[in-house]
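Each of the two complexes below includes chain A, the first together with chain B, the second together with chain C.
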Partner chain A sequence: MSYDTVVVGAGLAGLTAALRLTEQGQRVLVVARGVGATHLAPATVDVLGYAGDARVESPASDVAALVASSRDHPYGHVPAGDLTAALDWFRARTEALGYAGRLEENLLLPTALGVPKPSALAPRTMSGGDLRMGGRFVFVGFRGFKDFHPTLIADNIARARLPTPISARALELVLPAQRRVDMSGRLIAGQFDTENLSEWLINALRNRVDPDERIGVPAVLGLRRGDEIWQELETRLERKVFEVATLPPSIAGIRLFDALTNALRAGGARIVLGVRAVGARTTRARIDAVDVANATGTVSHPTGAVVLASGGFASGGIELDSFGAARETVFDLPLIGIPEADRVRFAPGYFDAQPLAGAGVGTDDLLRPVDSEGSPVFTNLHAAGAILGGAVPWKEKSGTGISVATGYAAARAVLAPAAPAVAESVP
Partner chain B sequence: MATHNTSMSSLEADVLVIGGGSTGVGVARDAALRGFSTVLVERRDLADGTTGRFHGLLHSGGRYAVKDPSAARECIAENRILRVTAADCVEDTGGLFVSTPWDDPEYGDLFLEGCRATGVPAEEIPVAEALRREPRVNPDIRRAFLVPDAALDPWKLVWGCARSAEEHGARILPYHRVLDLEAEGDRVVGAHVRSERSGEEFEIRATVVINAAGAWAGQIAKLAKCTVNVRAGMGLMIAMNHRLVHMCVNRCKRPADGDILLPLRTACVIGTTDVFVPDPDETEIRQADIDLLLDEGEKLVPGFRQARALHAWAGVRPLFEDTAEVAETRDVTRSHALLDHSSREGIAGFLTITGGKTTTFRLMAEAAVDAACQQLGGPRECTTAEVPLAGSESHVLYQIGHRLAVREPVPQAEEVICECELITRARLEDTIKQRDTTSLDDIRRLLRLAMGPCQGGFCIYRATGILHAGGNLDGAAANRTLLDFLEERWKGIHPILHGDQLRQARLDDWIFQGILDVEHLPA
Partner chain C sequence: MNDFIRDSLDHCVKCTICETYCPVSQVTPLFPGPKYVGPQAERYRGAGPSADASVDYCSGCGICTQVCPQDVKIAEINSRARAKLWEKRGVPLRNQMIARPTVVGRLGTPVAPLANWALHNRAVRGAVQRVVGIHRDAPMPSFAGRTFQRRSRSHRGPVDAPAVAYFHGCGTNYYEPVLGEMVVAVLEHNGFRVIVPQQDCCGLPLQSNGNFPAARTYVRRLVDHLAPHARAGLPIVSNSTSCGLMLKREAHEILGIEDDNLKLVSESMFDLCEFLLRLHERGALRTDFGSLPLTVPYHAPCQQRGHGIGKPALDLLALVPDLHMIELDVDCCGIAGTYGLKKEKYEISMAVGKRLFDDITATGSDLAACDSETCRWQIAHGTGVTAVHPIELLYRAYGLDRRTRSGLVTAEAQPTPVNR
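What follows is the complex of A and B.
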């Protein structure tokens, strides 16, 4: 069976590209070693949160400055206008999750340590935690759930640097009788889905929270019914309720993964997890087929184009060996941002600028990985997401934004390989 | 211990011990068991110097059998004692000496002869048998010898001694720095110390002051205008994520760099190097030394460079040299040195015990306290060769999988804070309470928190939240201990970061910086 496009990787970048291509009528195959960073990261779309030490208020204006000062940054290969188009498209395709926010102003959402973190978009279960307007907050934890510590959140958020000061307090609730003492977010979310924990939570909170307090809870309100349960809480408590991202696994991120993969399957795309893309059949500078290893052997999938969204070091898209040599693990593509073998790869301070941080593939403006001369290695191979070099997304708070923007732009490049990019309206 | 929060304008004791490594706590315990009132001060946490940074080998003596026979004899004697008295700190892994293609097989004859002469049990076994026991070891080895090496947990050992000393009335004061020694005439009569936590300064008066500061012993001696020539021999170690070997595997050759690979709980450790450093507090891990250890590891276990390296650290051996310059640190004897400064410099009430190695810490303590007895009214019998340490009363040797065996029948009975090392919330909270500490790094040494494959990726956030919620720390202090821990951890991670551990570290970056945003915590 042949495909119009094979997408390698099932994280946010791969799923974005795959869905965009599927809805444009392409026959798409997604292959991945497993689920991607959606299961780790909060479900927010973080376009740009920090430019150096400065907190970004408007990604719309600061992305341009970033691109001007850092020529390899992935946003530099996203055509002007595409960033807005990508976010609009993303919001339209995830309508059931009700993403709020816009490119012109970052929300400031509390982390599980109580740090205000900038995000451009957030699912509506989270966006009510926006700290910019001030007010009174109460953070609610569940005893026995170790991945969320409300007193520390409240303590830190009350001392955080914010445009309008806020007050915050913590509340710890004891979950109804449990079969297990050691509770994971996934278990609690499952109980919200199936065992009516929302009724318990509403009763537990009703008389303990003032009418003007906003209620922050760990992002475990249900996996399948998260949005519905959140709405029920807000309606019946008559308070603003918001979820706060926990340590992985990210329940809100899994909801996003489910929404995107359901849309993909409904559109006719094929998704195969648990396999590994290991190389390509090529004719000159074109990939004719992608070789995919599964448990029984290697299958060659003929394809018209390839989107490589296999992730950075964290996902195994790039590896570094003990001699300091780095390699891209699927097609052995050239990499940028790799210090010479005899140079320092890691600075001694944890928060120092790390020489290896921006490692990844370098691309042209069609997001095609390029060699040291700047020529595309394959004319029909495009890269998206964390495998792109030139960014330090965990510092910039730009990871999911880069994934959505470059996944969208890579799909556009696949669809119109020769034409220069022009902003298009969302259908 | 640090649980004594009352102000101490002055303390009095028969014996004041300076240094909280294995030697120091060994001395304190020995003195306390002999009925002397005893105080120990340590400038940082217990086992934070050399002891907590050694490779973890309880020597059989095989390593020294050829070139340092007296050290070999001491090792085998102490090895036998510690298996009984410190059983909970010892895993009976056994030891294997192998001749790789890079080693002269004839050295094996010298080795056997040396072991015979020093009483170290050694037995040559067929190569096939050695490879059956250790399938990852280089299949091209030419000879193999069994010896009773074992793995020793330094933190358990030191805390076991400290608790035992406390049970016999000693006061153990970590985070107390000696600012000066007090003298009256030609006699040392105590020390002026400062609590590094409260800032409080006070005097400790003692009939005998025992300097057990190891590689720092020269600095302490100088305060009494005495000279102790201890040089610091830096040794590098790398912890690998799996037990690539289940026995302590040594190269059968003259001791050199990177020739020991031993299991330590769920990990294994390769060591070591040996470089003089001018200041024991200034140890720098060089890439060349990392590569040397990885290459030597490859000779012992092919594929070593592809295995997952977790952490690298350097410790400093206290190398005592009384006379001439010594070119190579390995040529300095590994036996200990007991210095009575009354006979050396005419300073009474002051002893230094240094040199040696963790395996012989008990013997060193015995020698030091024997000497102290002479200044405390006559000999009293040493009982540390018979009395078990706190935690080892049942004489059951530590076994890998112990924590799992305890939890497995009731997996859901408790909340697990650190999945890598199976540390429960109750255990963490007990430790915080008992040791009255709020430093995540202290807790790491006590519980092995964050010492597994993820190097604290998950448990450190949890432990910080628990410390804070329990009222042990306010928000600012909780943030500081978290950030300090991340910085400290990075020091050991970045020198060996590659392969799967880089993948793990990047996940941890995403957790701490991407999800939690520790970088922008309020001060």
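What follows is the complex of A and C.
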């Protein structure tokens, strides 16, 4: 089958690009080895959380400095204004999840470890946990629910460096009639969807929380009905209620994946999981077709353009072999951020500045992967998300922001290939 | 044994994505989930059987493998572990029986009216549940009486036309021969001569029920029937997605068969809709479709997704004027071949299917489309709607139901609602 654009990867970057292209009338195919990091990440859009060791209050003002100091940073290839446009677009396309926040100020949301984490956007089920406002918090856990300990959260949050002091306490509840010892977030979310757990939760909390306390619950309030259940809790408890991101699996992230893939399907895009893009048919510097390996062989899908959003090391978009050689796994593209052969590749401490942390493809301002001369390898190939080199997302807290911004910008570059390269970076 | 299946467990990063998708572990504590039972438990199995019998509660839908971003062959690991379990315990009679559709078909066909009465009689089914262990409410198709193989023998198709070999599978042969006739009619309408090779079960039900030696015998025999056609350069087309996948991939990956004939057949296999869509891409599919003003929900079965070919049925049906297909986003109907027939698994199977049933019911349509036969029977059972193979919609859109020009399809042979 032929397509206007083939998107490789079904994470946030790939889905963003695919949806943007689909709604512009393109026929889009998304191929991926499996599901992406949406199911692991907390569903927030983190544009820039840290500049060095300093927490960023306004990504809008600090992204420019980042781009100025780090020549290859992906945000440096996102045209001026596109970052704001991308976030606005994202918010509109995920309307049912009600993303709150803006580029000008980071929310400060508690993690499951009780660390305040800066995010530009968060679903409204979470945004009520913004710690900047101060006040009294109660963190609720469910006994037996792994890796979510309200006491740990409350103690850590109470000690955290925050603009306004807060108080926090913990409350542990016992879920009714659990049929098993091993409870995952997915199972509890399913019970909220189908078994009216919200009624139980409302009754359990009603007389145990003061009117001025804000209630943090694990982000497992339902998968299909999460937003609805959260609203019901707020309305009936007459308290501010917010979800706290859990360790994987991320129910809030699955809601986001479902929202984006449902919109894609409704728009006529095809999503094929469990297959592998293995290469391309090319004419000079142009990709004519993407080769996709399925159950028996390889099928070539003719396409006008390609968005490569196959992820970094963690997702197999880049591989490092036992000799230390790094390789982009689909098109064998040149990589940046790889230390010279005789240099150290790994620093001893996990949180040290790791030499390979910024590895990825380097691009021009249309997000086209470039060779060492700076020329695009293929004129109709654009990259987005974690495959891009030059960023250290875990440290910057910029991963999802880069995905949304570059997914959006890559789609724009596909739609307007003739547009002049924008030299100016994000303001 | 090709150990890339077992070796793949080293790629597991414990991300739990498979756990969030497993339709079985979400509805029963009896199956702890694909990650635990698959890559994690496999590490401790070594050469011996699984110490943990919960692997038998894996339905084998394969969704875990499809969503795994690290290429861990989770479902395949589980399938092999199940076989080792039953190798030691001995496969129970019930499982031996329901895993041999050809045997069941040959027994039931000559006495179809009686067999159909028994299959749908409450008292008989109650007794069968007690004695054999097949759930009294599990969806059972009706024997057609005259098999597709027999019907096709009297059919005279075009002579001077490019040929395709048709692998119709057991479901079409014994229960839905009219579907086979529709497949032939659509292929002939597109200028093909349809060859119907002699054929038996592909061995998939035996594989799912853990009897690998018998499964290998069946698939080898089938492949020997089909290989001459593949060798002659003919495409082999199948309307049974799970049986097609068995030949494309599973016989090699799960049963570990290394065989030139199998390889040849694998490479020549096409799912029916995949084949027709490829024709369309070459501009060779006839598009003289009449209007079909219907809104029909479409469920791509888990095994269809395993082909990695997208949803060609939707691409094809998009060519039909006034036909609006609703793409459902549910991974599994619960039946998983023979899984939902078993008395201890029927409730699980229906609980898995509930989301799909609800979504189909919510569309308000009295018709649903789905590529796989057992899934269609399950959908009909769970919703009360008529569930058809997508080819039936194409067949109707071509107007072949009115023309009967193939000589095979007669007014009496029109599809009846699938048995509930």
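Just so it is clear, the second predicted complex is superposed on the first by the 420 of 427 C-alpha atoms of A that agree within 3 Å, B and C clash if a C-alpha of one lies under 4 Å from a C-alpha of the other, contacts with A are read in each partner's own complex, and residues count from 1 in each chain.
As a working rule, a residue touches a chain if its C-beta (ideal position, glycine included) is under 8 Å from a C-beta of that chain, and two chains touch if they have at least 3 such contacts.
Bear in mind that the values here come from a model prediction, so they are computed numbers and not experimental data.
Enquirer: In the overlay, answer first, second, both or neither for which of chain B and chain C A:P123 touches.
Expert: Touch status of A:P123: no partner.
Enquirer: Given the touch rule stated above, what does A:G36 touch, chain B (first), chain C (second), both, or neither?
Expert: In the superposition, A:G36 touches chain C alone.
Enquirer: So which one touches more of the residues on chain A, chain B or chain C?
Expert: Chain A has more residues touched by B than by the other partner.
Enquirer: For A:G144, decide between first (touching chain B), second (touching chain C), both and neither.
Expert: The answer is first: A:G144 touches chain B but not chain C.
Enquirer: Touch check for A:D182: first (chain B), second (chain C), both, or neither?
Expert: In the superposed model, A:D182 contacts both chain B and chain C.
Enquirer: When the two structures are overlaid on chain A, which partner does A:V115 contact: first (chain B), second (chain C), both, or neither?
Expert: After superposing on A, A:V115 lies in contact with chain B but is clear of chain C.
Enquirer: Classify the contacts of A:G312 with the two partner chains as first (chain B alone), second (chain C alone), both, or neither.
Expert: first
Enquirer: Considering only touches as defined above, state whether A:P248 meets chain B (first), chain C (second), both or neither.
Expert: both
Enquirer: Going by the contact rule set out at the top, does A:G274 touch chain B (first), chain C (second), both, or neither?
Expert: A:G274 sits against chain C, while chain B stays out of touch.
Enquirer: Touch check for A:G324: first (chain B), second (chain C), both, or neither?
Expert: First partner only, chain B.
Enquirer: In the superposed view, which residues of chain A touch chain B and also chain C?
Expert: The overlap between the chain B and chain C interfaces on chain A comprises residues 40, 179-180, 182, 248, 314-316.
Enquirer: Within the complex, which stretch of chain A touches chain B?
Expert: On the chain A side, the touching residues are 37, 40-42, 55, 111-117, 144, 146-149, 151-152, 155-156, 159-161, 172, 179-183, 245, 247-248, 312-316, 319-324, 345-351, 393-395, 397, 399.
Enquirer: Okay, in this complex, where on chain B does chain A touch?
Expert: Per the touch definition, chain B meets chain A at residues 294, 305-306, 309, 411-417, 425, 458, 461-462, 464-466, 468-469, 474-476, 478-479, 486-487, 489-491, 494-495, 497-499, 502-503, 506-507, 509-511, 513-522.
Enquirer: What residues on chain A touch chain C, complex-wise?
Expert: Interface residues on chain A, with respect to chain C: 1-2, 29, 32-36, 39-40, 179-180, 182, 184, 186-187, 190, 248-249, 254, 258, 261-262, 265, 270, 272-276, 292-297, 299, 314-316.
Enquirer: Would you mind writing out the residues of chain C in touch with chain A in their complex?
Expert: 13, 15-17, 19-21, 25-26, 29, 32-33, 65-71, 245, 248-249, 266-267, 269, 277, 281, 305-312, 315, 327, 329
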